Amino acid sequence: MKPTHPYSDPVDQLARMLLVRAYEDRIAALAAAGPFPASCPSAGQEAAAVGVVSALGADDLILTNHRSAGHLLARGADPGRLLAEVMGRETGYCRGRSGSLHISAKELGVVLTSTIVGGELSLAPGVALARSLLGRPGIVTCFFGDGAACEGIFHESINLASVWNLPVLFVCENNEWQAYVHRRETMLTDSIAAHAAAYGVEGRSVDGNDVAAVHAAALAAAAQVRASGRPFLLEARTYRARGHLEPDDQSHVDAGELAHWQARDPIALARERLIAAGQLDLDGFARLGAEARARIDAAVEFAVQSPYPDPAELLANVYA
Amino acid sequence: MLTLTPYEAIDQALAEEMRRDPTVLMFGEGVATKRRALSDEFGGQRVRNTPLAEAIIAGTAVGAAATGLRPVVDLLFAPFLCYAMDAIVNSAGKLRYVSGGQFAFPLVTLAMTGGGWGVGAQHNHNVEAWFVHSPGLKVVMPSDAADFKGLLKTAIRDDNPVLFFVDLGLLHTPGEVPAGEFTVPLGQAAVRREGDDVTLVAYGKSVAACQQAARTLAEQGRAAEVIDLRTLKPLDEATILASVRKTGRLVLVHEASRPCGVGAEIAALVAEQAHDALKAPIVRVTGPDAPAPASFVLEQAFTPQADAIVAAVQRLLG
Amino acid sequence: MKPTHPYSDPVDQLARMLLVRAYEDRIAALAAAGPFPASCPSAGQEAAAVGVVSALGADDLILTNHRSAGHLLARGADPGRLLAEVMGRETGYCRGRSGSLHISAKELGVVLTSTIVGGELSLAPGVALARSLLGRPGIVTCFFGDGAACEGIFHESINLASVWNLPVLFVCENNEWQAYVHRRETMLTDSIAAHAAAYGVEGRSVDGNDVAAVHAAALAAAAQVRASGRPFLLEARTYRARGHLEPDDQSHVDAGELAHWQARDPIALARERLIAAGQLDLDGFARLGAEARARIDAAVEFAVQSPYPDPAELLANVYA
Amino acid sequence: MLTLTPYEAIDQALAEEMRRDPTVLMFGEGVATKRRALSDEFGGQRVRNTPLAEAIIAGTAVGAAATGLRPVVDLLFAPFLCYAMDAIVNSAGKLRYVSGGQFAFPLVTLAMTGGGWGVGAQHNHNVEAWFVHSPGLKVVMPSDAADFKGLLKTAIRDDNPVLFFVDLGLLHTPGEVPAGEFTVPLGQAAVRREGDDVTLVAYGKSVAACQQAARTLAEQGRAAEVIDLRTLKPLDEATILASVRKTGRLVLVHEASRPCGVGAEIAALVAEQAHDALKAPIVRVTGPDAPAPASFVLEQAFTPQADAIVAAVQRLLG
């Protein structure tokens, strides 16, 4: 199910969203059941992840952060190797050294993931600079949260990308939360895209729970970055449907807010649209969900069977 | 005596000091959400959530400290201090001296450090030695619930910037805490166990590893003295030197990496000032000079354990 | 000549500008003549410094940076103690420990000067927070350069001041240069005030070489900060008339740019205006200049006669 | 042989490596303005001025290094590294390990450090030990013009992040540099003078202070061996240990403050591995644990001078 990039079939996109959801649901279940390594779930944000990643080409690179499962799976990551990484197994993408919070998968073009909030923003211009100077194809997409937009490095990153004409598609997944702090406690204005203008960069906000809208906006933004060689700031307005870290009872979250966004679940929205358009029926939807869950079953099996790293290799890969 | 976890002991210390002194306040990412009892008692002016921006959190603490408040800021995990270095090192640590003594900086930064959660090198990195190496700062890293409370209270009352490191591995382990008002002075190590054969010096959760090692050694007829540094800067040189002069043997234990760590400093101190008392080489048992791995099995291998300490002592005692 | 704050008489303001110029000219002469401690001259920026500082009240606090002589002298600093500080003497404001680059003078309300570019921005919100919570009067004015506006801390500082309703008057002295880099190499847009809106803050640019315009803008901005308890971003468009550090031949500076700004010298502009308005004649102007130079003569004398710090006190004031 | 200042030697190294390898580039605040010959030869793509923003300068170097370039960035003065710590420590130092070896980070950061300019603590702060304490990094600090050139060339070719500290006090002092192509390996100390009575270990401008002290001592009939570390990480342990095994006495000299400095690390190393060879206490002669003062007289008192080294050796040799 590794897609050819970009992939525009809405059914493919929905299938990918269901895979992300199945992955996150499974991790939530495992975390609820007992001690399980920490991870930051991307449930609720599937449309933003799939909408953007499905708009990227095979040569494009992605930088992401702690809440990366959607980006990785949308890019075609093997859920077995992801889960193996989360569980600290040698078969994980990072040989169990990363755990869930900074998974890179160079073979998929997902590079330099940092769980330091803003870390990915600090690295993205350099990746784009290398591509430009080496004459390599592809743009650089950098995912970050509304919280990361509070870090000074956001400002430094977008400014440098602008001044140096670097092909970076900045994608802010504004999910209304920054761990245990609501976005409204951290900024007075509502739009993160609004910062772009002061850097001479184009910015745009899109409904981040509407995968078709995100995909269209990301295609257009990526095309513009490719053509101009300049950055673009795309903001996807979405919502973190689960807690910051699994498990979390979300007791600090306003029930009305939660209900509002539950009613805008990105998978339900995509399903309704496809059914209304006659591109899918309920059986088809159920089958896609079952397929996704079955892949995750297999992935868990793979991860659980995988060996832990050998402590004798504790010191491998400190230096090149 | 009360039985509290260090997490609870920190909360108590904060509440007591905020009650005692209206200029004490606390802020950080999620502080008001997570320390609900504090924010209920002291309100939104004195217990604040912040934007996600460590540099300005620390800078704001420094500016406020110089002009009349006594801020405590929670910077969450030690690696996030990387964003706050200018405010801490260049401002809080230096501007008193640079200004010829015009300002003082009574502030505390809290940060969790060390293994135990399996989330890897960008959350787990013991950088306390950076601040020991930097002028104008104090550095504290307690090993038990009572000290978490007593040292934090003293740190809040101190007129200097104090880095208060919270060893994650200890945070939820209950311990005994005196019931009434008490404080623990900065700069004073605790001799946790007396012994004549070898001195084990540690801080944070490595103290427990030393205690465990000392018990094993006792069964083998070896009497280890265990010193818990509690404060890394200023260092209680007198207690360390007195112990080494007694035992003649020194093992230094910490999870932080070896080169230029606190163990190096103590080894140098002893090699300078108690050379003649040393009957054997000094030994360091530390975390490796590598990023911390996430995988549980590797994280365990990363952290100094009692058996490595026992083995080191056995080598020393022959 | 310590003024009562604020001071609005344009002749007083001109006298103050002349004092700054005489101070900087003298340092330039000393630096040209032989080894002299490093300092960053504020010549050319006198209108920005005096226009803002003359608008502040006695209770207001000032944070500044490496290019601070104008701010300090406008606030009433003793040029003798400033020069003593620059020359590393015990009689300096910081007992010779600072040197020129981070002079604080708490007695004048000039606190926490940092020569780390952006350092002052990181500290200003805390100073304002202390004033608010302790119920002390006065606002906090924070001077910084166009270069500092490139540091992420600028973004973090103005955002926090906005979200927390802190009375900070941010004053950007946009002097077109950032050490050896032209401002246009570092940002695509022309106005630093334009950043304010995205933080929900009011911003305004003013001709920074017109002391009357700066003073009026600063009075209005300070009044607004005082009334609202909220930050304001005031940008003074000015020019660094001398090099970054004395001595400097300015060989990297475009001659046309230099000429353009020389024709807009803030002291000449103020003089012409006062003469045209009949508030001053050429003799009066000459007398003000001579007075300023005489004060600097005395200041140099004081500094040169002052003792160096005692090396035995090398370790004083590390800790409180 | 050529006679070059370290500043010129750095320029030569940069020019030669940029000629040799088209992926080498350089950027920083004012680099294109100040290193005019480089920007004339290599153009604006490869020699760049940047916005005034150390965090993104360093981050951009790290991102570029991981994806095909070999950046050299000039961060000007060591205290400004405080803004760049996340990129250097959390990204460059850790992401190779964290990713299970997927990336390498061939980059060099230049920063001036140390006294000699009289501008105070926010420009003058020796923080090299921070990076020795951090995993995944290499740290270089040369003491003469030839090493500035040879070590910088090697640092640029190294596949790991290298912190290259430029001791300001040396920058404009001419020295001899071999005329043709040459490199100096990382991790190899230089024995600058041989002697049997005491080992003096230093780096940066303290090497000259040791040399001067050694000459004075020679007049008194004492033979000091002078070791110039050149690379602080990886440390050339073998050379240090061999010398101490020969002389039995060790004096460590650096301008950086004492606690958890490089001297502490070497003292610990020797106390661990050459304890039996030590005939006397180890001595550290370092800058004080204080911010650096601006005033020239205080700055002089701050920096370790030859007479303090001589006095230390005299105490040791009785």
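First chain written, first letter: the chains are A, B, C and D, and each begins at residue 1.
Note that a contact is a pair of C-beta atoms (placed from the backbone, for glycine too) under 8 Å apart; a residue touches a chain by one contact, two chains touch by 3 or more.
This is a predicted model, so every value here is computed, not measured.
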item	value
Pair of chains joined by more contacts [C-beta pairs], A-B or B-C	B-C
Euclidean distance of C-alpha centroids - chain B vs chain C, Å	41
Euclidean distance of C-alpha centroids - chain C vs chain D, Å	36
Centroid spacing, where centroids are CA-atom means, of chain A and chain C in whole angstrom	46
Sequence positions of chain C contacting 2 or more other chains	96-98, 102, 114, 116, 118-119, 150-153, 156, 159, 163, 185-187, 318
Per-residue multi-chain contacts in chain B, two or more chains	50-51, 53, 55-56, 79, 82-83, 86, 90, 97-98, 120-122, 135-136, 289-291, 293-294
Touch-based graph of the chains, sorted into line, ring, star, complete or other	complete
Chain D - residues contacting chain C, complex	29-30, 33-34, 49-56, 79-80, 82-83, 117-123, 288-291, 293-298, 300-302
Residue ranges of chain D in contact with chain B within the complex	79, 81-83, 85-86, 89-90, 93-94, 97-98, 120-122, 125, 127, 129-130, 132-136, 233, 235, 252, 256-265, 267-268, 270-273, 275-276, 278, 280-284, 289-291, 293-294
Residue ranges of chain C in contact with chain D within the complex	37-38, 88-89, 96-102, 114-119, 147-148, 150-152, 178-181, 185-187, 252, 308-309, 311, 314-315, 318
Footprint of chain C on chain B - complex, ascending	23, 25, 45-46, 48, 50-51, 53, 55-56, 58-69, 71, 86-87, 90-91, 95-106, 135-136, 159-160
Chain B contact footprint on chain C (complex, rising order)	61, 92-98, 102, 104, 106, 111-114, 116, 118-119, 121-131, 133-134, 136, 152-153, 156-157, 159-160, 163-164, 316-320
